[in-house]
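Here come two complexes built around chain A, the first alongside chain B, the second alongside chain C.
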Partner chain A sequence: MKHSRLLIRKYLRSLQTFLTVPELGVLIAIAAVIIIFSNLSDKFLQVQSFAAIWVRAAELGIVACGIAFLMIAGEFDLSVSSIFGFVPVVSALLMRNGAPFWVILLIGVGIAIGVGLVNSQITIRVGLPSFITTLGMMLFLRGIVLALSKGFLLPFAGDKMAAHILAGTITGFLRFSAIWSLIICGIFAFVLTQTRYGNWVFATGGNRNAAYMVGIPVNRVKTMNFVLCSVMAALAGMIAFARLGMVAPQQGEGMELEAIASAVIGGCLLSGGYGSIPGAYLGAFMVAMIQQGLVLIGAPPYWYRAFVGFLVVAASVLNYFVRRGFKTRLEER
Partner chain B sequence: MVKRAAAVLGVVGLLGFLVGGVALAESYTFYFITHGVLGDVWWTPVIRGAEDAARLLGVKVHYVGLERWDLALLKANLESAILAKPDGIILTITSYEVLDEPARIAIAQGIPIIAVNVPDPRPKGERIPYLAYVGQDEFVAGKALAERVVQEFIPKAAVVMITEPGHVGLEARTAGIKSVLEPLGVKVDVLDVTVDPAQHGPILLSYLIGHPEVDMVFALGPTDAWAAVQVVKEMGKVGVIKTATIDVDLKIIEAIKEGVMICAVAQQPYMQGFIPVVWLYLHLKYGFLPTDVLTGPSVIDITNIDVIMRQIETTGGA
Partner chain C sequence: MSGMKLLRMVNISKRFGRVQALNGVDFDVDYNEIVGLLGDNGAGKSTLIKILTGVFPPDTGEIYFEGKKVSFKSPRDAQRLGIEAVYQEATLVNVMNIARNFFLGREPTKWGFLLDKRRMNRECIEKLSQIGVKITSPRREVSLLSGGERQSICLGRAVYFQAKLVVLDEPTTGLAVKETEYVLNLIRSLKAKGISVVVITHNIYHVYDLADRFVILDRGNKIGEFAKAEVTPQDIIDVIRAGTAMVLRRER
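What follows is the complex of A and B.
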């Protein structure tokens, strides 16, 4: 009798541990989406369908990893969507003039680092909310994109091999971009949870002053994360460019909110100090699942926004309970 | 715990309710995939045409527009549609660079494609092997417009307002206009009025002041047409400088009634929804081989405005 009671207690304890992972909200949301769409379409759970979803999610997933990393440090970045369009457009113009791919790559990364530095320095030194700084940057860069491209589609006239490495087909609908996105997610997740720098990120976003007091270079952490976030957006933009074989001046418009939604669905707090990289990645995956699922079941895509909007709130509510569970568990100790 | 479980169940239940009852079995299922951004009213008659044809024939048509202007999304939508293994796909070849690969996958899997609204401009051997194209030929549209103008009078000199020089469709319309006027010895200038509607009028006005011999203004779309009508009125040159345009709306009908505009050509979008569905049905059920159908140009002038008004009132556009 006593033995079985112990067993139940042990079982409850492990259940509680499971219920406190930050990714719980997004996992439940994904399960719900899978249940719904697989019931409505027998094509939803096929391997090819999964590959197509993964490729759809790859670019948003990379951007979401960068955004989540920055959000955990307590800031966020709306300009990712414009960088996502800006760097490919500049690259397309360089390709037209015959620049080799490594030069293009260097310039692209350089631009992203520059944008990240400007965003971070204005935010940190002037003390503006990053919402304002990056909103301005988003509009500014989009304007430049339109001016540079004169509103035209620009072809990917560069190295075919580079395009293949970035986003070439592996088999069926599966492309290298999906693999890259997973690797990036893995690296960010590792740095965040397994390194000292990851701890600094959590501390900077959780309680900036306390972090500063114990000697964490909070401004440098924020600057670094702004830069990484921009670079990820540039990389994702180049992948989209390679995948499509051209770039439209509208590329990425509206993506900033999808990326933030992915991070929030995946457990990130807008106020910083809490969140998960795999969660954000899964959030992007879920957004892609909804897009794909709605087409597969033949529902009008009008539902897409409603669906994502609903899930942002539903997953956040779940995440709230998860965090509360996390807190009580800490107090028990 | 119970509360939490109830919350989860509630979430799942509500989601199920949101999308419930969509899948119904019908004889054929077609996907109608376009670059029309949801909310763009130009596509309303197209969607209505497709739905009407589906209802008449007892087939299922899933219209998939773009949630926002994004060619990546268009490509992804096509790929998702292929995975749904429909009986046929109707597709705008908005960018053959982007759509070539998935479209060929679909055709290789035995899913027939009908191109609509925008064809693949490449020669027949290179282009995506779709069954047929339903829409407007932009060159023919420009030609028809100029031919109607020439019936009215032979201009001394003409100008074409272009919003995006280099745009394949607009350049083809311009070439069609020139193909009629230049052999008659009429000088045709092409004026870049930029994509900004606020600039169309001022640029045209400066041009007309500098070129008093020009007595014919061609517009290639609604915003430049409105500007042309307004400028001619402001200059007090109604009847002296004449105008004509491509694509029609109520403002343009009004200008034709007032005599500021000689004519307009329309591509009758409802038919671009209706006919592809009928073609696919006839192809699958009876083995018909679809041929290209030009839904325009229909030339609209003062003599047939009433007929066109009926089209606008019943289908939502012309």
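What follows is the complex of A and C.
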């Protein structure tokens, strides 16, 4: 009798550990999406379909990892979508003028760092909400993109090898971009959960004043994360550019909300201090699955946003219970 | 200077816009002493300890710690010298777990960047149980703890990092009766370890038993300083209410 009670307790404890992982919400949501679409279309579970999903998930996932890292530090970046278009457009113009690829890379990274620095310094020094700062930056950069490109598509006229390494096909369904996205997700996840800097990121977003009181350089942490977020958006933009072989001046429009939705579905709190990088990546995966699934079942593309919107709320409600309900209720036993 | 004190703050003034928050205040803490810092709202208590813990510098005045003149650019500078701030709700991150909070800003690492989680979990439980705090798991989120338990984590942190002076801001506000008793006992155990303590409070009854000495501020001025033997709790309340120590002299 006593023995069985101990067993039950042990079982409950492992159940509790499972119920409190921040990625639980997104895992359930992904399972739901798979069940729904695999029933509606038998193509959904095939390799080609998975490949198409991963192409999209890789690019969105890289952006979402950067966004999640920044959101956990308590800030926000809407300008990722414009950087995602701006850096490729500038690169395309440089390519047209025959700049070598390493120069283009340097300038692209430089632009991203610059944008991150401007976003962070205005947010920190003036004390504006980053929502406002980066909303302005998003509109500003998009305007510049349209002006620079004069509204035309620009071709990828650079090094073929560079394009291949960014987004080329390795074998069958596997592209380099998928590999890059996994590496980036791994590095960010590692830094966040296993290093001292990661602890500082959580603390900066969780309670800025407390972090400051114990001597964490909160402003430097925020600046760093703004810059990393911009650089990730630029990299993802270049990957999309290399994959498509051209860049449209609208490239990335609306992506800021998809990336934030991915991070939130993956367990990030909008208020900061809590979240998961693999969760954000899986969130991006789920968004890509919905897109692909709707294409396969031949639904009008209008449904895509409605579906994502529904799942953002559903996953957040689930995440809320993961964080609050299950945790306290099970601990009281 | 008669005998070296642990802390001497001399002629400290601070102005915020039109408000003179502190006006030439002297404040000492001796070794192994608990000082109650009292006063009504707006008396300047918080300003004084924020200067002491490095949140902002004074406009004028000097601070000596262990006989040496010091100046703090940030809370970290004060912390390095062994001045540990325990502000309610202000030095813990609720969404993080106990071990991560315990070592916040001073994480033990391998190779300089990798969190040594095993050591964090083990040592925070060890140190907390040493001062009589029982915690079920170092991975519990701080938001799930009671007010008293949260204070105890800050105090355990101070002991672990060998603070010489611990500053508590309203440690008993919002605590249940039992919890208050628990926190007051923890503060006593700090003194037993040779740590000096400054306790800011509204509630004289909470600190009267605890403290060795009382300092009373009123609208930026120090209006009284008493050893415990000199005053009753009622005397202190009278001084705070009247805004001057004259009331005591008249009665005697």
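Please note the rule applied: the second predicted complex is superposed on the first by the 324 of 333 C-alpha atoms of A that agree within 3 Å, B and C clash if a C-alpha of one lies under 4 Å from a C-alpha of the other, contacts with A are read in each partner's own complex, and residues count from 1 in each chain.
The rule is simple: contacts are C-beta pairs under 8 Å (C-beta built on N, C-alpha and C of every residue); 3 or more make two chains touch, one makes a residue touch a chain.
Not measured: the values here are computed from a predicted model.
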Field: Fit or clash - chain C, chain B, common chain A
entry: fit
Message: Which partner chains sit in contact with A:318 here, chain B, chain C, both or neither? Use first/second/both/neither.
response: first
Message: Looking at A:291, would you say it contacts chain B, chain C, both, or neither? Reply first, second, both or neither.
response: first
- request: Please name the chain, chain B or chain C, that touches the greater number of residues in chain A.
  value: B
Task: Write the angle, vertex at the C-alpha centre of chain A, between the C-alpha centres of chain B and chain C, to the nearest 10 degrees.
output: 150
- prompt: Taking the superposition as given, does A:203 touch the first partner, chain B, the second, chain C, both, or neither?
  reply: second
Statement: Smallest Cα to Cα distance in angstrom from chain B to chain C after superposition equals 19
Message: Counting contacts the way the document defines them, which residues of chain A are shared by the two interfaces, the one with chain B and the one with chain C?
response: none
- prompt: Touching chain B in the complex: which residues of chain A?
  reply: 19, 28-29, 32-33, 35-37, 39-41, 43, 46, 48-49, 52, 55-56, 59, 151-153, 155, 173, 240, 243-246, 248, 250-251, 253-254, 291-292, 294-307, 310, 314, 317-318, 321
Chain B residues within the chain A interface of the complex: 4, 7-8, 11-12, 14-16, 18-19, 22-23, 29, 31, 38, 60, 62-73, 75-77, 79-81, 83-85, 95, 97-98, 164, 166, 195
Field: chain C to chain A touching residues, read off their complex
entry: 53, 55, 74-76, 79, 85, 87, 90-96, 100, 103-107, 109, 113-115, 117, 140-141, 144
Field: Touching residues (chain side chain A, partner chain C) in the complex
entry: 194-200, 202-203, 206-207, 209-216, 269, 273-274, 327-328, 331
